[in-house]
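Heads up, the next two complexes both have chain A, just with different partners, chain B and then chain C.
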Partner chain A sequence: MIDIRISSCNKNYGSLRVLKDINLEIERGEFIVLLGPSGCGKSTLLHIVAGLDRLSSGAIEIGGRDVTDVEPKDRDIAMVFQSYALYPTMSVRSNMEFGLRMRGKPMAEIRPLVEEKARMLHIDHLLDRRPSQLSGGQRQRVAIGRALVRDPKVFLFDEPLSNLDAKLRASMRTEIKKLHQSLGTTAIYVTHDQLEAMTLATRMVVMKAGEIQQVGKPEEVYHRPVNLFVADFLGNPGMNFMKGHLRLDGNRVSADVGAATIPLDGYAFDEKPTDGQAVVVGLRPESVQPATGGEPFSLTLKPTLIEHTGSDNLVVLAMGSEEIVGKFPSDMLPKLGEPVTVGFDLSRLSVFDATTERRI
Partner chain B sequence: MRRFLQRHVSQVALSPSLALIAIFLYGFIAYTAAVSTTNSKAFPRFDNFVGLEQYWRLFHTPRWHVAFTNMFLFGGLFLLVTISLGLLIAILIDQRIRAESFFRSIVMYPMAMSFVVTGIIWQWLLNPTLGIEVMVHQLGFESFRLDWLTNPNTVIWALVVAAFWQGCGLVMALFLAGLRGIDEDIWKAAAVDGIPAWRVYVFIVIPMLAPVFLTVVVLLSLSIVRAFDLVVALTNGGPGVSSDLPSVFMFDMAFRRTNLGLSAASAVVMLGTVLAILIPYLYVETRERA
Partner chain C sequence: MSTSTDAMPRAQRAGWLTPRRAKAILKRGVLYLLLAIVAFFFAGPLYILLSTSFKTMPEIQAGGLMSLPHEPTTQAWVTAWGEACIGITCGGLKGYFGNSMIMAVPAVLISVMIGAINGYALAKWPFPGARFVFAALVAGNFVPFQVVLAPVSVTLRTLGLFGSVEGLILIHVIYGIPITTMLFRNFFLSVPNDLIKAARIDGAGFFWIFFRIVLPLSPSVIVVALILQFTGIWNDFLFAVSFSNPSSAPMTVALNNLVNSNFGVKEYNVHMAATVIAAAPTLILYILLGRYFLRGMTAGAVKG
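Right, the complex of A and B next:
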């Protein structure tokens, strides 16, 4: 069942086109993550769904109802902001109660509800404090609690964790995930942290300059990026790109990338390849591994730099005039300058047309 | 010597002005306090010490009572009117209206004028034979009367209105800056929560402006105690002494009635009033910083 439908939505600020013909359908219970570089229009799209910004053209439906011209308060949504946006002059309790009181819910019902949600978020001992007396993580819990008590149809999150330190961010991320699993409420979550996007999303939406690039399950977007931008944006360290040309030989296809010729027999082409087509072959560092002997394709390359991240070793390998990065297990430590044989996991290859930058 | 200069260049550079402040500010405060314990007439003399007698006389002078009470009456009304209307105007301008800078300039304009000009403008406007009263009569409301300047019971309102006209701009600007400083997300959160704008102002935004209120109250209070030129230009303390303020009283005693001792005593009392306002303010400010 479609819960949110965004149809041909455009947003302009004067001559600046911030959102360009956005179309998106969100099923009930999905956790959609909007991901993209700064300024690409993620917040704007979220604000439009919330009703905080008017759209220039297009329509928004929530729960089967056209809400394009409906006030935020009547859209049955709740929102969590990056800056928390708690009411600083009120206690935590009042912050959580205020929205419900405005909706005319009797105090006798509000009290137990607020206390229940506060217990759920482990902030029940903080109810009588002011926001200024809380830590960042506690404030964000209160902000989430304020959204929870409203029991909305849709949760909107605008980078809720980006003001927290790495450790707290990781634990809050797990909690948000658990919360979504237990409540099953539809959510749209904006972030530019890919780890958050990959772990939280049931589907993610990658945006660039006001346009949707790709929509899909995190694994799908990660392993089958539709263009160079998405391929490059996801992953840390980023995907290896090898420039070259396609060779068609009978019904066998291979990519000549200068230092090597990579066979593409098992590659599922989206478009028909042509001989001599300029391409970029992409392979993620984790698909470049020390060879064990059984690989269909391996190369012997010289390591030029090794970085230890703790869990793995990032090995930079010279490949002709270019370099590629392999993510080796931490017990595999090659010596600088001593050639190693690495195997490529060809099932993880991505091939892009060099001019259109689209996956082929 | 060079070492010393290099290391203390800022102190050395500041020392002349510090010395001037020490002499002309604190020195003369002490000097005034000393004069207030003498029986000086037209010129300060220190050969006739009378202790606190001038203060005793001051508080037995009916005119001082009028002036001192007026200060609180005028001050209270002025604070109330200026803060509430200044805040209201700031809130109106904050609604992202069109031609915002035009309205802002209109409200701020009187600030650029000296109190003497303000006083004279309002003297004309409130003059029953020249100003607003005549205008309303010409509109056909013959029974309209605006005798604030000539009625001892209401003359204080003339001061309040003129001072408000002058001070409103500053207050509005301070509140507007405060309102603009409030996180946009708070407004968005309130919109999603369904809180009507007026409630957001009353329960969330205005309480958040508490530090601005404090600053405004202190600034206005100091201008109340200092108010002198406005009174001289607008009412000259009249009718009778009904719109006298302590500063006018002090000036009169010192330069017209040749009673320097009494004048100095009133100056010291005014200083005490200022300190009574400032010390709690500084206390709150420094405690918040810490």
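Right, the complex of A and C next:
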């Protein structure tokens, strides 16, 4: 069942086109993450779904109802802000009660509801404090609690964890995921943090310059990026790119990337390859591993730099005039300058047309 | 300073006026001297006002401007408040004090209230042309009051409010709106937009957000606006003298008529008492709310 439908949505600020013909359908219970660099329009899209921004053209449906011209309060949504946006002069309890009181719910019903959600988020001992007396993590819990008590049809999150330190961010991320699993409420979550996107999303939407680049399950977007931008934006360290040309030899296709010729026999082309086509071959660092002998394709390359991350060793390898990065297990420590044989996991290859930058 | 002296041997520290210390003491001395001069400059006249108001006329005529009253008497105060002749009536200042109160209190409250709502709308609910409206209001702050005397006079006559307290209230409200709007608008710009958005999603409308979320954040700016407006309206002489008649004249006009009266002996003690009475409300307001005033003026400066 479609819960949110965004149809041909455009947003202009003067001559600046912030959103260009956005179409998106969101099923009930999905956790959609909008991911993209700053200025890609992801927050604007969220604000438009919330009703805080008006769209220039197009339509928004929530729960089968056209809400394009409906006020935010009547859209049955709740939103969590990056800045928490707690009402500074009110206690935590009043903050959580506010939305329900505005809706005219009797206090006798509000009280137990607020207390229940506060217990759930472990903030029940903070109910009589002011936001200024809370830590960042506690404030974000209150902000989430304020959204929860409303029991909305859709949760909207606008970079809710960006103001927290790394450790807290990781634990809040897990909690948000648990919350979604137990409540099953449809959610749209905006972030520029790909780790948040990968871990939280049931589907993610990668955006750039006001346009949707790719929509899909996180692993699908990660392993089968539709274009160079998505391939490059996701992953840390980033995907290795090798420029070259396709060689068609009868039924066999390979990519000549200068320092090597990579066989593409098992590659599922989306488009028919042509001989001599300029391409970029992409392979993620974790698919470049020390060879064990059984690989269908391996190369012997010289390490020029090694970075220890603790869990892995990132090995920079010279490949002709270019460099590629391999993510080696931490116990595999090659010596600088001494050639190592690395195996390429060819099932994880991505091939892009060099001019259109699209996956082929 | 203290760390360097602490580090010295005890014998050297004791009793010796080091050049650095001498310089510091000299700096302090100059500072205190300047402060004393400034304090005398402002407190001196107030002292003369108060001491003279408690003297009798013979004592004043005997000279000794700076001396304390020999036989303090409140007679001048009683006269100023209830008996002094202003124009052709001899009922003292009390009626005019009342006029000023009836004029200033509503004018202050209304102009602050409207300024707050205007500022809130301009800062947080941008509408097409908001920038132009704001620019026009800012320009309004720079209109010299002399320029508007004639048009206002005509307007008040047309409305039938010329010479009435209501007319003065109207004029003070209108000419107070630009400054209060600007004050509130600039303050409200610092209120995070996310708060307004969160409240809109929670179901609060324009006025709910204003009264429940924005105003509770703004006591300091409200106090600043109240003090500015009250001082300005209470002390206004130009509008008062132009648009009032003897029965609606506020304190400032009455005080002027009393002091500049050409009949009889100049009763300095009565004049001084009258002046203190005229200045008292603004003084009291500063004393009561001054802390908030300072806090409000510096709020933007210290917030990171």
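We adopt the following convention: the second predicted complex is superposed on the first by the 360 of 360 C-alpha atoms of A that agree within 3 Å, B and C clash if a C-alpha of one lies under 4 Å from a C-alpha of the other, contacts with A are read in each partner's own complex, and residues count from 1 in each chain.
The definition used in the following text is that a residue touches a chain if its C-beta (ideal position, glycine included) is under 8 Å from a C-beta of that chain, and two chains touch if they have at least 3 such contacts.
The shown structure was predicted, so the numbers you read here are calculated from the model rather than taken from an experiment.
Asker: Quick one: on chain A, after the overlay, do chain B and chain C clash, or do they fit? Just give me the call.
Answerer: Superposition check on chain A flags a clash between chain B and chain C.
Asker: When the two structures are overlaid on chain A, which partner does A:M102 contact: first (chain B), second (chain C), both, or neither?
Answerer: both
Asker: Using the touch definition from the top, say if A:F81 reaches chain B (first), chain C (second), both or neither.
Answerer: both
Asker: Touch test for A:T89: chain B only (first), chain C only (second), both, or neither?
Answerer: both
Asker: Touching A:F297 in the superposition: chain B (first), chain C (second), both, neither?
Answerer: It touches nothing on chain B or chain C.
Asker: By the touch definition above, which chain A residues appear in both interfaces, chain B in one complex and chain C in the other?
Answerer: 47, 50-52, 71-73, 77-79, 81-89, 98-99, 102-103, 146, 150.
Asker: Over in the complex, which chain B residues touch chain A? Could you list them?
Answerer: Those residues of chain B that touch chain A are 183, 185-186, 188-196, 199, 203-204, 207-208.
Asker: Which part of chain A faces chain B closely enough to touch in the complex?
Answerer: For this pair, the touching residues of chain A are 47, 50-52, 71-74, 77-79, 81-90, 98-99, 102-103, 146, 150.
Asker: So in the complex, which bits of chain A are touching chain C?
Answerer: On the chain A side, the touching residues are 47, 50-52, 71-73, 77-79, 81-89, 98-99, 102-103, 146, 150.
Asker: In the complex of these two chains, what residues of chain C are touching chain A?
Answerer: 192, 194-195, 197-204, 208, 212-213, 216-217
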